[in-house]
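Each of the next two complexes has subunit A plus one other chain: subunit B in the first, subunit C in the second.
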Partner chain A sequence: MSMSLDFPVDNPPTRYHPLTTQLPIKVATDAVSVRYGDKLALEDVSLEIPDRAVTACIGPSGCGKSTFLRCLNRMNDTIDTARVSGSIRIDSEEVNGRDVDPVVLRARVGMVFQKPNPFPKSIYENVAYGPRIHGLAETKAELDHIVETSLIKAGLWAEVADRLHHPGTSLSGGQQQRLVIARAIAVNPEVILMDEPCSALDPIATARIEELIDELRENYSLIIVTHSMAQAARVSQMTAFFHLGKLVEYGPTEEIFTNPLDQRTQDYITGRFG
Partner chain B sequence: MSNAPTIRDAVQARLAKRHRAEQRFQFYGLAAISAAVLFLAVLLGSLIIQSVPAFTAHKLVLDVDIRPEIADPRGDASEASLRRGSYNTLIQNSLWAQFPEAGSVSEMRELFGLYSAVNAARLLNEVVNNPDVLGETIRFTLPISDDADLYLKGLTTEEEFLPGAAPLSLAPAADGGVILRSRTGAPVFDGFLDLVQARLDAALAQARRRAEQTAAQAAEELDTDTRNSLEAEAQRARDLVRALEMARSDTAPVQLNSQTASLMLRAQGGVLRISQLQQDGRSAQGDWLIGPDHASDSAETWSLWVIETPSIARRITDRQIVWARTLKERGLIRNGLNTTLFTNADSREPELAGVAGALAGSILTMIVTMLLAVPIGVGAAIYLEEFAPKNRLTDFIEVNINNLAAVPSIVFGLLGLAVFINLFGMPRSAPLVGGMVLALMTLPTVIISARAALKAVPPSIREAALGVGASRTQAVFHHVLPLAMPGILTGSIIGLAQALGETAPLLMIGMVAFIADPPTLGLSGFTEPATVMPVQIYIWSSSAERAFEARTAAAILALLTLLVSFNAVAIYLRRRFERRW
Partner chain C sequence: MQSSLFAVLALLVLTAVGFLIGRRRAVAAANGRASWLHSLPNYYGYYLALWTGLPAFILLALYGLFGASLVNTLALGELEREAAPLIREYEAQLARDPEYQALAEETLQIEAEALSARNEMFRAEREGGDAERYLRALGTLTAQRNEIAAERQARRDRVAVSVAARAPHTVPGVRARAGFEYWRAPSERRELFISDARALAFNEGLASRNTEEIRAAALALRPWEDLFRWSAAGVALALAVGGLAFARTRIRAGFRARDRVEGVIGLALMMTSAIAILTTLGIVFSLLFESIRFFASIDWRIHEFLFGLHWSPQIAIRADQVGQSGAFGAVPLFAGTALITLIAMLVAAPIGLMAAIYLSEYASPRLRAWAKPALEILAGVPTVVYGFFALLTVGPFLRQVAMMLGYEDAVTQSALSAGLVMGVMIIPFVSSLSDDVINAVPQALRDGSYAMGATKSETVRHVVFPAALPGIVGALLLAVSRAVGETMIVVMAAGQGANLTANPLESVTTITVQIVMLLTGDQEFDSPKTLSAFALGLVLFIMTLILNIIALRVVQRFRERYE
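Coming up: the complex of A and B.
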């Protein structure tokens, strides 16, 4: 195994920082491992994610943080060679259970991807698609209402109210990403996963998305993968540091950034590797 | 920084070479494109030039007297009685009325050879549909024979019309012909005489050469059969030499026959064919092909009409030429758009042959091919691309689909013959079977192009759909398929266009056939015998009649038009779908 740094062999194994916040637990994972064919991408991850808070996953490229995120809404099912073991519970309901339909799960756990990926349809259709396939609206008026509130929550309403039927792809990158967030919250999920949502955006658009994430925290449990330590420090309440497929350290963001327990966390956040 | 100049020098040294290579490559590309455009232009140009005569046709417009005793033998105007009538006789009578001087059986056969007797069936139908015309005269339009049509289009022979130089006197000859003399004594036929003699000299020299050559070859030949055939050929050449020598003389009158150009003389409203020219150029002998409108022993004004091609070298006789031109002058033959080409099915008579049957066959066949190949092909592609597990079985299937695309098309024809016709007992020559065979041939193309189009849809779209809770089927049908549609359409239409131009597989299932009745454009048409456009082109191209030459080119243009419109639809659909996103 090649490593960028030489760690002492007697380094303590992955430790979990005790959860010190008062928030209820939304997602709990226990010994989750993911294999892509023969490759072990994620090993033995156990952590508890609070509701109505932002949890950031940080770590160098290829550390398994995106893989972990994709476990939570079973997006790994779409990869033939992926094998997930261990237990993931959302509100104490097993995600990987045989009787759980991934379609229902994904309605509860929304996802926002690294690159804005609106459907090549109108802005309205983008937001309305989820509610429509899940049958959340009975009438056109109800659907209009859902679209409007979702766009308002995503902070995009003011900009697109007069051109709802323009193609979603005609928006700027930052607007597209907010449109995608609106699309995710239109189906009224409980958890929103964001996989590096700002990596394709400029600083101003990034600031708007970060503001939005902070607002969404009041209603949802957000889990965000980010490469930017500054962003993790700004938006998250909890931070998990992954390295080489393992969870190295997990705890309140403030403590992780000011007083990491693990040497690797310390090295990473101070910019010595990664 | 001491090595910086050397790096720059090295780059500079190679720079000229790199630029030259680039220019050379651009030149190659330009040359290739120019060559391709040139070939295409030559192909299209020659096709269009060749096909022009096929788009117009001369029609004979006759006033036909529907005489009840011929049209309605039983006299009760019932359909059964009408169908026993002799309608060709009615047309013959009407045409004969124009040229009553055509008396002998052979002359009448020539006259009625100006049209095809098949046309009588149309007259019959007209009368059956409207029995009121019995006893009346109706105007009936029918296409004239292909040979007369080609002549009137100027494709059979060169012609020259010369005004008469001096008044002529006409006197009856001993053998029933007419002796023509220059009344003033000035030579009037001398120019033509020189022309005929020069031609005869050339033909004589050629015939002598041929006789000598074949005789010499025969003497050296060891194989008996070949020697016999060479000797026979030499004998034919010697016979020709003798015939030409008889015609060519500096003292005796020049005989005009089937080996020489034909000379017509128009005087007194009739047409004379000159059979003999005196050496002095002052007198000639001929006979009336079309009688004069007034008998007189002199002609003040007259004209010569030279038909350059000898009658032996053309399929239309001197008489037919004279009749055809006279009918045209009388306004009974009119030139017009050749609608027959687009309304009729195939026929042995070029003037009655059209592409409608083959076009209908092609359309029916393409409908079957499209209905089978596109849904099955796209369905297979969607399953293989979006749902199938990646394992050895699907790998095996994929390899075999790619192999099938390279299988020679005739093999699919054999398969169709063995399975669809022999095993399932489906009808021969039917668009249904043809379409099924072509669908088999097109399937790999459709599957491969549809898979490529599906693969080209960015995975982020699938993830986006799955991310909001769409099922896999919903993600595919709501988002992936619409995005892949332009590519799928393009691939499908390329496959269909390929099938449209295919002949080999149809050979096996009997669709390479002479079909005189177009299949009905309905459900029953799918099982009726039919042929398709490329087969029609092939059949016409190998026909002996010269008129099929232009029709072949016209049919090729029709097929090309069909293909281009196919592609135009493909481009339109692609643009439309692309604009929606």
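Coming up: the complex of A and C.
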């Protein structure tokens, strides 16, 4: 895939950076807007998200971060009033295209939610859920293998190996969140979306998830929404700052945090509003 | 009447005054600064009003509940005591009357014979002997006994008249005769006597007789009634004033009126739930006692009742028929109930569940907005309407279909038609409850499944349905207990024959239907036939109780697993 260099220059102010040049672009959005009924929740968002890196979305509550994330795997389809316009490409394939099956797309773009939401099934069945419905495993042994590697990748295997058939809901909050991450990577997605994955967790569980995110970066393109500036700074390579439905500023995390171009970004990361 | 009205009004006024005084005094106690008080001033008002009104009203309520019967007991007790010489004389004369004694002997003998005939009959029935013969013998014995009983009654009446005639026509004499009449009367006549006396004494409705005795009883009632009425009103007012005075002294700035009022509210709420629970207990106990009477009347052959294959409770032709009895093997009823419930659930469970899934997962909000209420209207159709739908439309249709398929014995009233229509009746019940349950499944679970790339039906099958399962099981079990308890459709559509069959095209009968059959029409309430209805009711109650317990268990197990 070729790297496009024509970042919009003035609004939003995004910058060319060596980091992005080294990595191929995974997701590119162009003038994406979302309406819920009459309400414009996201306006004209254009950005390019690199592969094998973590992109953080930050911004005050209600600015449209979750809405943006849900565009990328067409979860907004499940909301009757939501209307999405603009173009979103993953590997140059149009996500909103008429012939794209959202069900197939969602297997490629995994999602982890703010509150861990394991299914009312065993740990094993939770992870096996995706592979089963997408027919990824021919035999029981293959399925076992997928479940095991997913749990290992999610850093949960050691804790649950001996109780795979206990209910997923019997785990602690942090374990549940890692279970849900294992569930998402079991179908071998290309992009993983995480909407405030640590907001329901304590600092220790948060640290584990952050470690995990850092490891997952090796293989996936990750996009996470977070309200913690520190977390964004720790785990992400790119940062997008949203405000009132608009993308205000997008660039390498280091620069956004040390030298923001926009006054609003400056105010937000220094804690003056939001 | 007026005096109690006056007392109630006075109490209301006092309560209001209590409220005002409480408020005023609380504000005064805080030197006019309401914020110094522990509670808002109104709470001090409520506190005082409660102390003023509550004990007094409780007393009045007790008087209203028990006052009249207490007065009756006291007044008529007085009269009965005055009738003691007459009663002694009456008993002495009967004891001296040889003919009367002979009749009593004869009655005892006939009853012993009837008892043995009855036992013979049961044996014959069990062992296949000539039960008919004993039945006929029983009939003759019954007739004889009734004749003798009438004769004895006539003799007693004659003696009573002659004894009463000896009492003088003075006030004490008439009072004695009133007491004597009351003493001799059987219980329902006693009630009539009292209500006539009350009618004359207090203008409570019309008296059916107006004799000297009743007038005497009325006069005896009055002083007691006055005493109780005035003392109740007086004590109530005294309680109100006392309560007011007492509570008033307790009001200080730091007094926790709000907590006290809260306590009374809690207590009142507890009492209402206690009423609900006690009513249930009362019903259960009455069922239990009547059932015990029934089991006693069939000589404690409970196993025969529970496992017997033959149900034909004989019709009691006359109230005092001796040893009348039938076969009380309830298995055909249990089987009929189970068959119809099964058919109904086979209809209602799949259709209701799928309707619920469609409504909650697939239907657009607009469709849902009118389809759900429309389904619930189905639940509002009176069951008797379903009943004649089953009887007039479904039954004949099924019969024709069965005949066309070569089943010649098909009847209109069949288990199948009752079960099908009952199933339709239960659909909205199942769908509405399951719909609520399915809607209660967190959206986060659905989102999680969709985000994995699952389709709608996969999400429903693998995530939503298992998550809602405990609730759905609960809904289905509730539907089963509805079906088990449903009566009207079965009365109309399933027939009354107590057939023991698994063929849905035959007519069957259920527990509820038999209860209706046993208790409708003119019946006396202590023949085994009527009492058996209570035993059936008890069985029904235990069955639904067990169903509910199982439902709770299942729900709990799933909860433990998934929460």
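In this section, the second predicted complex is superposed on the first by the 253 of 274 C-alpha atoms of A that agree within 3 Å, B and C clash if a C-alpha of one lies under 4 Å from a C-alpha of the other, contacts with A are read in each partner's own complex, and residues count from 1 in each chain.
The rule we apply is simple: contacts are C-beta pairs under 8 Å (C-beta built on N, C-alpha and C of every residue); 3 or more make two chains touch, one makes a residue touch a chain.
None of these values were measured; they are calculated from a predicted model.
Asker: Clash or fit: subunit B and subunit C on subunit A?
Answerer: Aligned through their shared chain, the two binders clash on subunit A.
Asker: According to the stated criteria, A:Pro120 is in contact with first (subunit B), second (subunit C), both, or neither; which is it?
Answerer: In the superposition, A:Pro120 contacts both subunit B and subunit C.
Asker: According to the stated criteria, A:Val187 is in contact with first (subunit B), second (subunit C), both, or neither; which is it?
Answerer: After superposing on A, A:Val187 lies in contact with both subunit B and subunit C.
Asker: Quick one: classify A:Gly110 as touching subunit B (first), subunit C (second), both or neither.
Answerer: A:Gly110: touches subunit B and subunit C.
Asker: Given 74-82, 182-190 or 488-496, which one is the stretch of subunit C whose C-alpha atoms run into subunit B?
Answerer: Between subunit C and subunit B, the clashing stretch is 488-496.
Asker: What residues on subunit A does subunit C touch that subunit B touches too?
Answerer: 73, 75, 78, 80, 103-104, 106-107, 110-111, 113, 115, 117-121, 129-130, 133-134, 167, 169, 180, 183-184, 187
Asker: Quick check: in the complex, which residue numbers of subunit B touch subunit A?
Answerer: 389-390, 458, 460-471, 474, 478-479, 483, 581
Asker: State the interface residues of subunit A toward subunit C in the complex, per the touch definition above.
Answerer: 73, 75, 78, 80, 103-107, 110-111, 113, 115, 117-121, 129-130, 133-134, 167, 169, 180, 183-184, 187
Asker: Okay, in this complex, where on subunit C does subunit A touch?
Answerer: Against subunit A, the touching part of subunit C is residues 364-365, 442, 444-455, 458, 462-463, 466-467, 561-563.
Asker: What part of subunit A is in contact with subunit B in the complex they form?
Answerer: Of all residues in subunit A, those touching subunit B are 73, 75, 78, 80, 103-104, 106-107, 110-113, 115, 117-121, 129-130, 133-134, 167, 169, 180, 183-184, 186-187.
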